[in-house]
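Take a look at the structures below.
Here come two complexes built around chain A, the first alongside chain B, the second alongside chain C.
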Partner chain A sequence: MKRSKSFMGIAVALTAAALLAPVAPAAAQNVRIGYAIARTGPWAPGAQVTQEPNYIMWAEQVNAAGGLNVGGKKRKIELIGYDDRSNMETVVRSYEKLMSSDKVDLILPPWGTGANFAIMSLAKKYHYPMLSCTATGRKLVDAKNPYFFALLQQPDVMMDALAEYMVARKVKTAAVIHVDELFGLEQFTSLKSSMAKKGIKILEAKSYPLGIKDLSPVLKDMQAKKPDAFIGLTYPPGTFLSTGQAKAIGFNAKIFYLAVGTAFPIYRDKMGAATVEGVMGLGTWNPKTGAAAKAYFDAHVKRWKKEPDRWASAFCYAGLEILQDAVEKVGLDRKKIRDYIANTTHQTIIGPMRFKGSENVSTPGVVSQWQSGEFEVVWPPQRATSAALFPKPDWK
Partner chain B sequence: MSRSTLTRMRGVPRALTLTVVAGALLAVLPWLLSDFMLSLALSCLMFAALAVSWSMFCGPTHYLSLATSAFFGLGAYVTAWGLESMPYGLTVLAGGLVGAAFAALIGVAVLHLRGAYFAVITFGLTELVLHSITYVEKTMFETAGRIISDAPENAVIYWTVLGITVLAVATAILVRASRLGFALAGIGGDEERAQTLGVNARRAKVLAFSLSAFFPGALGAAMAVRWTYIEPMSVFNPFIGFQTVLIAMVGGAQTLLGPIVSSVFFSLLTEFLRLRFPYAFLLVLGILLVVLVLYLPGGLASLFVRRARPHA
Partner chain C sequence: MGFWLELAASGLITGGIYAVVAIGLNLQYGLMRIMNISHGEFLMLGAYLTWLAHTTLKINPIVLLPGVAVTLFLVGMVVYRLCFRRISRSAPTVEVIEARSLLVGFGLMFFVQNAVYLAWGADLRGYSFMAEPVDIAGARFMANRLLVFGVAVAASLGLLAVLRWTMIGKAVRAMMQSPTGAQLVGIDTSTLHPVVFGAGLALAGVAGGLLSMVYEISPSMGEPYTVTALIVITLGGLGSAIGSLLGGFLLGLVEAFGMHFTNPSLKMVLSYGVLVAVLIARPKGLFAR
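Now for the complex of A and B:
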């Protein structure tokens, strides 16, 4: 009895001691950059496609070039990354550790709208600028947090672009499905007002829960109404499901648009390049949008043996570029970094980027489309890398 | 006071005093710890209160409830809906009451079930509440997530959770010594015999189930302010329920101290593994669980209680 009790005591004491000890800096001169991100749990697929690979690759690139230039001195980057286990409380606790105990020099954002929301007030309290690349929603921007910057286009910007494209193609009617999450609802609200402005009629709109396993009854119903456009404001599971099921029942429309996940290379690879030919979705860039984008694409393929997604991945990398530029201009004073980010037009792989409050007001809404295995930018015309396939060819 | 009541109440004043003293000692932590260490303490307290309240009902009756996540999430939504019009303390109380009321309602409907049926039903409850709230939010308010703007200080959240934990432990002590506690133990032993001996099993079960749900409800309401953004998918997290059951069982759900020790042990251990051995984390945790279940089926507490006199 006595032995096991003291064993327990030792175990607890050891654990406590290990936890209390701060993470010792490997070298005092390193720039320590911390983040928590999902490596396990339901957020992990998104986070590990779009976000963390960019963090690691960027740190390696900067270190290979000698390090971050801080006040004329090159200093290596030391990344401190924790698994947040796709849990909100763990996200908050991890950033509390990074900011209050580890006292890292800079932070990088977690994955997803909810997690970014959760640490916004900490960022403000401890004065850590955050350049978020996987958070969208007016509510984020309306929070007016001076340390928060949202890189991705907001829903209204994206839906306006889609509506403009539809008007240019004289599309009159649409059928819409949307996922019952903040993302889907906010996109849908924006879509309704964009469509109303452009005089496009929504014949039918249906919502569905995130975990749905069968959309074919809804799709059949919409097929019968013969809309010019089918618009799915979906998350990746719904994107894959509606593609497969629409093909199976032969539901095609002149415009076939799905939201999150269409930009993932795995969408093309899993469904087949021939199947997704002509499918449109949320995207912004591809290797043809510029020389810097091409260099990023090649580096990503070389480092990870897989392509980056054609939407948020490049925004994550752009956020890192902005952070690097800010540090090299003003040093590691985080208030100065914030002011620099807020008041400068940045050059990124996506193009120039400027913030108004928390919002990136430079990157326009974009419509992309799969064509022969590439997610081509087809709208707006000045950013297009290819002419749109219209109407969408039949399913193959 | 009858003689049997006196026997029952023996040791209770001492246990209650200890609880309050421990609570008072822990109340100074916000002045001593960094934000991170405080949130770690917060996590220990939260799971202690969850595990103690879970054991309050499930320990003696041998019911396996997975509804903790549902109560917790409901509490979080009470805060999300109410914080604009009510002070924080009141939303926490309201969260607890909503949890208790909901449990009473559910209890009347499903507490006649046993074993796997009850476990599955209570697990399904979390999904049911999740989708109901999503539906209400979508159709009535055209939203899916809510923002909490005026979050209280970390220290205030900590004291609130500490208060709930002390209350949970005190309640557990009182329930164990009360007629209700004996009725529950009787139901756990043999429900029909207990009924024959005059225990109103249905009433006792519903009462205790509802009482034990007050605490996860209040905790959900208290913790929600830490996340700024409340959405059904993140607050109705089934793992909160699983972890509670695990902690209580590993600690020993029949005892009072077992779940408390085990929640501190587990919270620190998971955090340590997550931060230091991120890739071995789930592996180590899994192996540890298997070992504990195989060799200590009565929980960590069984290491200590054997020498104590057998329970009355």
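Now for the complex of A and C:
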């Protein structure tokens, strides 16, 4: 009895405190930017390598410089971030809450193609511009959503670049594995058409499920067919697995290409820099692609004690640069921000960026390759930071 | 080595990985009927401890495994005292133990997973260890996978020997057959129960440590392993050490040959197909007594 009374007392006190607490006047001055992203669950490794660290670092940088310049007045950024628990329902509900009841000033995108696709229509309904940095797929771009902007290169652009590189090296045949997810299917469709256009023959193609623990039977079959190129349209677990197992069985094609995760520093660290020497993959930038990229790299290492990934990380930061620039030019009117984003050529750490509809049409398809511990850009030649190692050296 | 033998060997090695994952849960669920659904989380904890100690102290991860086992054993004793002692004491039947421990296991799963998120974040982690190909009769395998395979076989046979030929093993079996009867003949069940539970966690930790040498790790890695473990011990027969080893091998072989003849995407269909077929033919698993 005594115990329940004291509980009651605490409850009453807490409720009273909550009701009487004054709304902090400073909060009204802040620019409130909301997002939901995976901090837990299966999407979290990707989201926490590539995306959220950039949000936090950017907000800290802007605030350290006094804040966002809105109509000549510096206002601090207040990030409102929710954990979406890698759950699509939670993504949609969180953004609905941010847009309709929290009424945040701006939003930042969630992680991954599926989650971005899921909230695109909300962004349009509530007029929130969305600069998505981890979403690819024609399905998204072709939706013609005026508030949606996709920064990453689309699958056909990336696969065309790979095909062009292969043609330049007179590569004639390829063996392909792809992950059974929207991402893998989209990439594979694009790859098939890019290969067909360039007359490269796909000797064998197999799909695999995300949770697979052994790919060696498939890799052995492919090894026996002696393809010039091995192309894995993989997610990180498949990227790590096929690297280790190809090395184990000594399957070394002239081109060894893997998709998501190849650009992660942990890929080099887990597999060993000597092992990944010559492995190619989806990438776009590294500290050598420009002074701004170098500054970003250094700031990221300083803040997080870890390197950013060499593909989408910089796109996430570029999206924040674009958003900041738009706000400082036109204020917090989201319609005007949208128009500014849509109609301007932006200067970013990746280079100039212009949108046609939802698609970034300035950044070309890129092929990168691990060389002595750095993920060098090797194609197209005008963006290359190093010459490609071809054929890929033997596994070490 | 011929192509088929090589395919079979790679299936057996993957099967060994499945068996290692299952051993700890086989002690807890197979022998004690404690449905520890957070098994994969403790495996993940073992993987993180190994990774942390290896990357900060630069110690050979194999040397670390006994330390991980002892740590997880102690954690297991505490977890048992806090969460499972009441359940196994107050439940009138083993079915009630299963149902209640399942709920507690869910809670533990969230707790352990989120504790690791708080401590180390959601990043992928990993290190390179024994990632060298080894030649065996003309076929090449990754050294770290062979190590896991060896430990799987050794641990399964060791467990089998302990359960079958030692007094402790006899006591454990007696305790499961009839807790009251075991007490009557002088078996100290209040000590034995937590010790067996702790041993289950220790084995999960060792499995995690071994897996961290082969695969990249993240806080969400555990759940799929719990599912794998459940399939393997159901296939082999609850509580049978040799059953879960051979169950693991069977799954690995079916997957390897299935992948060769069909497509890796059919892996799930094949694994569950085998499980269903075995359960129809032998409802209590391959090696149930």
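Operating definition for what follows: the second predicted complex is superposed on the first by the 370 of 396 C-alpha atoms of A that agree within 3 Å, B and C clash if a C-alpha of one lies under 4 Å from a C-alpha of the other, contacts with A are read in each partner's own complex, and residues count from 1 in each chain.
We adopt the following convention: a contact is a pair of C-beta atoms (placed from the backbone, for glycine too) under 8 Å apart; a residue touches a chain by one contact, two chains touch by 3 or more.
Fair warning: this is a prediction, and the values are worked out from it, not measured in the lab.
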First, second, both or neither for A:Asn252, with chain B first and chain C second: neither
Partner chain in contact with A:Thr40 - chain B first, chain C second, else both or neither: both
First, second, both or neither for A:Tyr208, with chain B first and chain C second: second
Touched partner set for A:Lys306, first chain B, second chain C, both or neither: second
Partner chain(s) touched by A:Thr385 [first = chain B, second = chain C, both, neither]: neither
Partner chain in contact with A:Thr189 - chain B first, chain C second, else both or neither: first
Partner chain in contact with A:Leu241 - chain B first, chain C second, else both or neither: second
Touching partner for A:Asp180 - first (chain B), second (chain C), both, neither: both
Contacts of A:Ser362 with chain B and chain C, given as first, second, both or neither: neither
Contact residues of chain A, present in both the chain B and the chain C interface: 39-40, 180, 207, 209
Chain B to chain A touching residues, read off their complex: 34-37, 39-40, 43, 131, 134, 138, 142-145, 147, 149, 151, 223, 226-229, 231, 233-235, 237, 239, 261, 264-265, 268-269, 271-272, 274-276, 278, 281-282, 300, 303-304, 306-307
Complex contacts: residues of chain C adjacent to chain A: 3, 6-7, 10-11, 13-14, 17-18, 113-114, 117, 121-128, 131, 133, 140-142, 145, 214-216, 218-220, 224, 252, 255-257, 259-260, 263-265, 267-268
Touching residues (chain side chain A, partner chain C) in the complex: 38-42, 44-45, 47-49, 86, 177, 180, 206-209, 211-218, 220-221, 236-237, 240-241, 244-245, 247-250, 261, 264, 266, 269-272, 275, 306, 395
Touching residues on chain A, where the partner in the complex is chain B: 1, 4-5, 8, 11-12, 15-16, 18-20, 39-40, 82-83, 85, 87-90, 92-93, 96-97, 99-101, 113-114, 117-118, 120-121, 137, 139, 143, 180-182, 184-185, 189, 207, 209-210
